[in-house]
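The structure appears right after this line, and notes come after that.
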C-alpha cells in the first residue's frame, strides 16, 4: 500500500514567495532608499494591482461580474477624508476605519442587485456607482462637487508621509494578493475554484453559492476600498468624478483580461503592463485607449486566459500555486 | 439500394467524454427503426449526433448517400430530418398553434403529402381544442403531442423520436403509438428511442440494441428472441442469469 | 400645476428613453446578453447624422431615414462579427467584449469628432409648441413620444404576429429546440440586433435634435435604457415602454425638486423597484 501526501508548493512557488516577501520589505523600506516620485509610482501600481485583483476574485472566481467597483473606491476614500479631515482622526488610522464603509455598503448593494441576471447585475453595479457619485456631488458634508482636500496631512513631515505611504502600499499588497492566495489555498479556495468552473455542479456538491458570493462581494469591496483610501491619501485631494471614476473599473477589467483571469500571476503581469502603457502612451490619450479597449475585446474573444494563460501552456511554473497534487511518499515507482 | 439515412463508424460525445464508439446504422424510407438500451447506452446521444447537435465528421452521417455529418441542426431540417427531443423542449410562453407554426414556417421542402396544421389536429384532436393555450399549461401527454406535431410540420423524411412515452400514462402512450402508422404511411421513416423494449419491438420493423456506445444487436424486430435482447441489453456477462 | 407639468414633461422625456430601451429589452429577451456599446451606438449614429446634415445638407427627417438603415446594418455587423461568438450561458465574455468595444468606440469618436457637444438642427421644430390647456407641450417631444409608441406597438405586433417574431420568441424560449425545427439562431440573433440598433437610429436623431451629444455620453444612455428595462420588467416590450415613462417622470420631478437631483431620482426609483418589485412593475406575460 503506497502512502500519499497532498502537496501544493512548487519550486517556482517558493522562489516567488521569497521574491514577494523581499518586494514587500523593499516597499516598506522605500523612504530610506527611494525618491518621492518612485514612492508615488509604487503606491499607484499597488493600487492598480489591488483593485484588479479584487475584480479578479469577484469575476474570475466568484462568477460575479461588476463594472461598478469604483463605488467602493470612492466610498472608502471619502470615508477616510471625512474621518481625518472633518473629525480629526489620525489619517493612518482613518484609512483602516474607512474600510467599514464599503463593507457595510456592500451588503445592501448585493442584496438588491443579486436579483438581476448575470450581465444585468454588472450594469446594476454601474448604476449604483453613478448614484453614489451623484450623492457625493449633492452632499454638503462632502463639500459637494468641489471636493475635499486632506489638509491635515500638512501636520506631518514629508518623511513621515513617505513612511505612511510605503507601509500602506505594502499592507495593501499583502492583504489583497496575500489574502487572496491564502483564501484560495484554504478550504474556501476549493469551493471557490469549483464555483468558478461550474456553479451548478458546485451547488450540488454542497457549496452554498449564494452565501459564498455575498462574502466574496463584501471582501472584494473592502479590498477595493482599501486601495481607494490609500490612493486618495497619496493624492491629498478628492472630487466626486475622480473618486467614482469609471476608469477604476476599466483598468481592473483591462488588467485582469489581458493578464489572465482566474490567476494571481495574470493580475501582476497585467498591472505592470497597464502601468507602463499608461506612462509611455498615456499622452496619446484617445488612440491609446482605443488600443486598450480593443485588446480587452480580443482577450475576451480569443484568449480567455490572457497572457498568463498562454504562458502556462508552455511553462508549468506557477508563482502562486493553489492546485493540490498527490505525491507518493514511499518512492515506489511501479 | 442506398439507404435514406446511414451512419458509418459514428463517434461522438460531450467534451472529452466519448459516448458513442463507432455506430453503424441504416434507416430506409417508410421504415420504423427502434433503438433500445439501458440508460447511458448512448441512444439519445446518437439521435443528437444525427440531428447535428454534436460535432461529428461529415462522412459519419449520410443522407441518400451524401455526407452531411456535422451540419448545424437547422440545415439538417432542410435535408429532411426532424426530432422529437427528449423532454419535449416546447417553446414556453407560446401557444400550441404558435409552437406548431414555428416548425411549419421553417420546414424543409414539402414532401408529396405535406403535413399541415389541419392534419396534425386530425391526428391529435385534443390539440385543436387547445390551440390557443400556452404550452406550459398542457398535460404531459398533450405536450408530447405538440412536440410530435412540431416534428412532423418540419416535413421530415426521417423523424427521430426520443423517449416519447417517458412519464406518460399507459393510455396516453397507446394513443400516441396508435398515431405512428399514419406518420409512416406516406414514406416518412421513424427512429424510435424507447425504454419499453416490448413496445419498441411491437412498433418497429427493425431494432438496434446499444450498450455502452456500441451496437450489440440488430435485426428484424419480430424475429429477435427475448434472450438475445436481454444478452445484448445487459452485456454478455449478464446473459446467463 | 408645477407637478402636473413635471409629469407631462417626464412622459415626453420617457418617449426618448423608450427608444433607447426597446432594443435593449429585445436583445436581452432573445439572447440574455447586454450590449455595453448600446449607448455609444446612439452617440455614434447621432454624430454620423449631424455630420451628414452638415456635409450633405440633409434635413432632420432625411437624417432619420438614413440613420435607421445605417443602425440596422451596424447591428447586423456587430452580431455577425462579435456577439454571435459570445452568446451563451456565461455572461462574462459578451459583457467584457462589448465593454472593451465601448471604450474603443468612445475614444474613436473622440478622435474623429473631438469632445465638443453637438446637436442637429430641426429647422425650427425645436421651438414649436402647442398648449394643452394651461400646459405647453413641445411639438418635437410630442413627435418623439408618438414615434416611441408606434415603435413599441410595431415591435410588439411583430413579435406576436409575424413569422420572424415567432422565430425570435422560439429562440428566446429554447434556442436549441428552435434550431431543431429549422430556425437558424445566428440569423435570428443578427436580425434582432439589427432591429435593436435600427431603433437606435430614431433615438439618435431625436436625441441630437432635442438636446446635444458628445462622444462620452454613451454610458448615460446605456444606464437609462437599462433602468427603463428593469423598472418595466424583463422581456416585455410594453414593460420597457412603461419603465421608460416611469424613469422619465422620476427624473423630471426630481429635477423640479432640485436641478442636481434629477438623474439621481431616476437611479433611486430604479433601486426602489429592485427592492420592492424585483421582477419589474409589469411582469412578463405568460
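Note that the chains take the letters A, B and C in the order they are written out, and that residue 1 is the start of every chain.
Please note the rule applied: a residue touches a chain if its C-beta (ideal position, glycine included) is under 8 Å from a C-beta of that chain, and two chains touch if they have at least 3 such contacts.
Computed from a prediction, not measured in an experiment: that's the story for all the values here.
Visitor: Measuring between Cα centroids, which chain is at the maximum distance from chain A?
Guide: Farthest chain from chain A, going by C-alpha centroids: B.
Visitor: Which chain would you call central, comparing Cα centres to the global Cα centre?
Guide: Central chain: C.
Visitor: When the centre of a chain is set as the mean of its C-alpha atoms, what distance in Å lies between chain A and chain C?
Guide: 33
Visitor: Whole-Å distance, chain B centre to chain C centre, using C-alpha means?
Guide: 44
Visitor: Roughly how many whole angstrom separate the Cα centroids of chain A and chain B?
Guide: That gives a centre separation of 52 Å.
Visitor: For chain C, which residues are shared contacts with two or more other chains?
Guide: In chain C, no residue touches at least two other chains, as defined above.
Visitor: Provide the residue numbers of chain A that touch chain C in the complex, in ascending order.
Guide: Checking each residue of chain A against chain C gives 59, 63, 65, 67, 112-113, 115-124, 126-128, 130-131, 134-135, 137-138, 246, 250, 253-254, 257, 285-287, 289-301, 304.
Visitor: Spell out the residues on chain C that touch chain A in their complex, using ranges where they run on.
Guide: Going through chain C, the ones touching chain A are 28, 32-34, 36, 82, 85-86, 90-108, 110-111, 219, 222-223, 226-227, 230, 234, 258, 260-261, 263-264, 267-268, 270-271, 274-275, 278.
Visitor: For a test of understanding, state which residues of chain B touch chain C in their complex under the given definition.
Guide: Touch residues, chain B against chain C: 51, 53, 72-74, 77-78, 82-83, 85, 89-94, 98-99, 101-103, 105-108, 134, 136, 150-151, 153-154.
Visitor: Hey, which residues of chain C end up touching chain B in the complex?
Guide: Answer in residue numbers: 163, 166-167, 169-170, 172-174, 176-185, 284-286.
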